[in-house]
Amino acid sequence: MTFDALIARGQRIEPRDDMPEGYRKTLVRQIAQHAHSEIIGMQPEGEWITRAPSLRRKAILFAKVQDEAGHGLYLYSAAETLGVDRAELTELLLQGRQKYSSIFNYPTLSFADVGVIGWFVDGAAICNQVPLCRSSYGPYARAMVRICKEESFHQRQGYELLLRMMSGTEAQRADVQDAVDRWWWPSLMMFGPPDDDSPNTAQSMAWGIKRHSNDELRQRFVDMTVPQAEKLGVTLPDPELRWNEERGHHDFGRPDFDELKRVISGDGPCNEQRMARRRQAHEDGAWVRAAAAAHAAKHRAQQGR
Amino acid sequence: MTFDALIARGQRIEPRDDMPEGYRKTLVRQIAQHAHSEIIGMQPEGEWITRAPSLRRKAILFAKVQDEAGHGLYLYSAAETLGVDRAELTELLLQGRQKYSSIFNYPTLSFADVGVIGWFVDGAAICNQVPLCRSSYGPYARAMVRICKEESFHQRQGYELLLRMMSGTEAQRADVQDAVDRWWWPSLMMFGPPDDDSPNTAQSMAWGIKRHSNDELRQRFVDMTVPQAEKLGVTLPDPELRWNEERGHHDFGRPDFDELKRVISGDGPCNEQRMARRRQAHEDGAWVRAAAAAHAAKHRAQQGR
Amino acid sequence: TSELAALCVELGDDALVAAQRLAEWTTRAPELEEEVALANIGLDLLGQARLLYSRAGQVDGTGRDEDAFAYARGPEEFRNLLLVEQPRGDFAHCVTGLLLHSTWRLALMQRLRTHPDPVLAAVAAKAVPELSYHRDHAAQWVLRLGDGTEESRRRMLAALGKLWPYLGELHAAAPELREEVEDVLRQVLRAATLPEPQATPVTTSGRRGEHGEHLAPLLEELQSVARTHPGATW
Amino acid sequence: TSELAALCVELGDDALVAAQRLAEWTTRAPELEEEVALANIGLDLLGQARLLYSRAGQVDGTGRDEDAFAYARGPEEFRNLLLVEQPRGDFAHCVTGLLLHSTWRLALMQRLRTHPDPVLAAVAAKAVPELSYHRDHAAQWVLRLGDGTEESRRRMLAALGKLWPYLGELHAAAPELREEVEDVLRQVLRAATLPEPQATPVTTSGRRGEHGEHLAPLLEELQSVARTHPGATW
């Protein structure tokens, strides 16, 4: 069956199938960006593993950040089925030629941020990604199934941490509200520019790479999050936020999309720091990777002919 | 006047005077070792500048560690009058071919250590060094005058910190006693091996480089320190320590000179750490020193002829 | 007077955080002379911080002493510039940060010498010669490194690229100093044969409490001993 | 039982401190697979620490929970081996430390499976397969690095030179394991074409509370959030 016929029937495209070059390129870019986001996304929370205030929270956070490394691995593998390799994609990231999610360029300032990142950022990621489990590209869709399962687990853990903190001391409650204030708008920006300023959406939807528009997903996230915020006892920092009976959805303010552009183009509070850390780890690890390769080559030479 | 005549009259040897090669070599070794001790000696206290528990203590400690760098500078300059240069001596230190005082190979574990180092280590240094203000070699003697003045200031500040801590909380008093317990014996070892095992002492005394034997200086330190310990309200960890009416001195136990040998030969708790830090700073600074030299050379080329 | 107290706290926080970063250089400087020089500068700034905090505690009505400001506030209460909280970096980073901060602080302190509060005016008068030395020291190193070896030039350019955006924060905090500060910096760069960096200015500011991830660990270390010994005297 | 409690605390402290050092590798590992592997090992050790602390609190009569041991003790109360508190170092240092510690701990836990205390015996039984994996993982890296490139070999030799002396501490803590531990290590070195280091064993020991300067800052970081929020629930 041809590519168009498979897409039309809602069947999956597999690596061996023919596919248009535009489809392949768009997918590589999207999957790579997603993989990079998992890896860079380890940083904002990673610094808190050594500082987690109980051993149980330390174990939960350590495991979560480990899962993110695992997600990165799945996704780079999915990208490799499209004829690129991980080292190549890593180079593109380090040269700033491929992006990662803007959200990870904001600082984590207290342990409450760990909870709010779980609640908002993993929550937004789930809204974005659950539809991708039905992506037209098979390896990507299958990776998303595993990833979404773990991320909803992370989201619950984040929210549960916040519930505990809100039943704690005054200082803890203040930390939670402060973290909510700082992460709310950046989280809304995770869904990308508004639909009227998102030129590639139509093609991606036609190809079955994307299933919903940015604004639809943003609305879904807001509707999901508002009752959780009420239950938690925090205020979302948007005076325009209210239930619209007619639409059956919450109305909400417009995120500062100029800020989103600035952050994506490199001028967020932590862009440089995140890239520097990733680059440093890559450079510091070069001799290790070289040694592993040299050892493997020797070993092969001895064993094989 | 000849070297021997000057020494016999108790007059000072100056850089332009003739001197026996053994005298020169002994002095270079001694001054270099002293200079290295000042520089390595910045490390045990230096780590506490960022942690000092009040701004006043932070300023005092910052200034003290700065003074030690200054002492190193004076002493390297004194050594340079004997025809060696600082870079050369630094190389010898980094290669482990010249030593520094064994005391700096013990760890500083609490802020009380800062006080006890001032009290014991600067106190012992003063006992060692005051007689050196009358050293037969002029530049060394003059450097010692400045250094001793600053060190007795440091000693008073250390002791004053301990007085304050002893009038503080139970935990503070416990920290002081613990620091005293850890630093007492290593401080006694600062005076070197016992006289019957110190082969170079006689020649050094004849040359006027040394004025008192190791055991005499050790006794002086003990006699000076015991009443200070009583006033402070701490116990010196030596069951044999008591006043000997007949001798007019305190009797005290024998330090573990095997430990001293081990620490001098490189196996103290922190030898490797101290050397690694010094080496790292030297290596990290290489490009800066190279740039300064290159800039100066360009500048001279432009200005000159 | 609450404005005066806020100003003293801001300038005190800048000085304390900058001094703390300089203290991190202890035993790590590229040469002994530089150990002495960096400690001198750190001590000057620490001295300024102490006077400014004391004044703040007098005029804000709380009667807090200098240590209350340094040891009993969390990172969210600090108002220091983002410029001074950046991690230590290499020596090019050190002298570049010092050049930017001391140039700006000198221009400000020169004006504050005529502040209506006589105590702040006196602190400023004392600070001016100190800061002139800091600025000159930094400028001389920028010259040497900018016009030294290939490596030192590369490192200077990297440090400039990294820190220049924080000028945006300085200018936002004191627009009236902008021209003077930029003039001085341009002169130094020219003498050092360095191009003026083209960098987007930061829009966040430590003056509004919008700190990065590096301030909290810095204060954690600064306050660690004091906090584990409640009720202690030092 | 006070002996049992002390043993649980010692082995718990080793595991916690080692896990903390492994956590420092997060986002700094040489490749992604290694991020996952080091976190796995860290999580195993953290799990062991939690079980051991809980048991210690049950049998020492204080009823303390796991967090009381981790967060409410100062460095002078920790009994971890000096080996595990050494600063992070490079990756050769990481795998060398892991090899020494896991080889020793595995030998010990194998014996503790028959300890009269059924809880400790169960903890040990659970730990044995975990530690076998840790040891194998470390040994494989020692092989690759020892017999890899010139640089990796040089770094392996440096790491061995640095950490081998701490075997003295392990042997002092458990003389009965010495032969077994040395046999395993010699095999790994031989396979990695590395010479056995000639190093004077350390004579100090973390088991007697004789810690170096690195433990206090490690705990300062580990305990910082917990200590700034007294009375909090997490």
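Order of writing sets the chain letters: A, B, C and D. Residues in each chain are counted from 1.
Please note the rule applied: contacts are C-beta pairs under 8 Å (C-beta built on N, C-alpha and C of every residue); 3 or more make two chains touch, one makes a residue touch a chain.
Owing to the predicted nature of the structure, the values given are computational and were not obtained by experimental measurement.
Engineer: Could you see whether A-C or A-D has the larger number of C-beta contact pairs?
Structural biologist: When the contacts at A-C and A-D are counted, A-D has more.
Engineer: Averaged over CA atoms, how far is the centre of subunit C from the centre of subunit D? Could you give it in whole Å?
Structural biologist: That pair's centroid distance is 41 Å.
Engineer: So the centre of each chain is just the mean of its C-alpha atoms; given that, what is the distance between subunit B and subunit D in Å?
Structural biologist: 36
Engineer: Indicate the whole-number Å distance between the mean C-alpha point of subunit A and the mean C-alpha point of subunit D.
Structural biologist: 33
Engineer: Can you list every residue of subunit A that touches 2 or more other chains, as numbers and ranges?
Structural biologist: In subunit A, no residue touches two or more other chains.
Engineer: Could you list which residues of subunit C touch at least two other chains?
Structural biologist: 221, 224
Engineer: Taking touching chains as linked, do they make an open path (line), a single closed cycle (ring), a hub with spokes (star), an all-linked set (complete), or other?
Structural biologist: Looks like something else, not a line, ring, star or complete graph.
Engineer: Mind listing each pair of touching chains for me?
Structural biologist: Chain-chain contacts present: A-C, A-D, B-C, B-D, C-D.
Engineer: Quick check on the complex: what are the subunit B residues that touch subunit D?
Structural biologist: Residues of subunit B touching subunit D: 44, 47, 107-110, 178, 262, 266-267, 269-270, 272-273.
Engineer: So in the complex, which bits of subunit C are touching subunit A?
Structural biologist: 75-76, 162, 165, 200, 202-204, 210-213, 216
Engineer: Which positions of subunit D touch subunit A when the two form their complex?
Structural biologist: So the residues of subunit D in touch with subunit A come to 16, 20, 23-24, 26-36, 39-40, 42-43, 46-47, 49-50, 53, 66-67, 70-71, 90-91, 143-145, 147-149, 151-152, 155, 221-222, 224-226, 229, 231-234.
Engineer: Contact residues on subunit B for subunit C in the complex?
Structural biologist: Counting only subunit B, the residues touching subunit C are 39, 42-43, 46, 48-59, 62-63, 65-66, 69-70, 72-73, 76, 86, 110-111, 161, 164-165, 167-169, 171-172, 277-278, 280-281, 284-292, 294-296, 298.
Engineer: Quick check: in the complex, which residue numbers of subunit C touch subunit D?
Structural biologist: Listed in rising order, the residues of subunit C that touch subunit D are 74, 217, 220-221, 224, 227-228.
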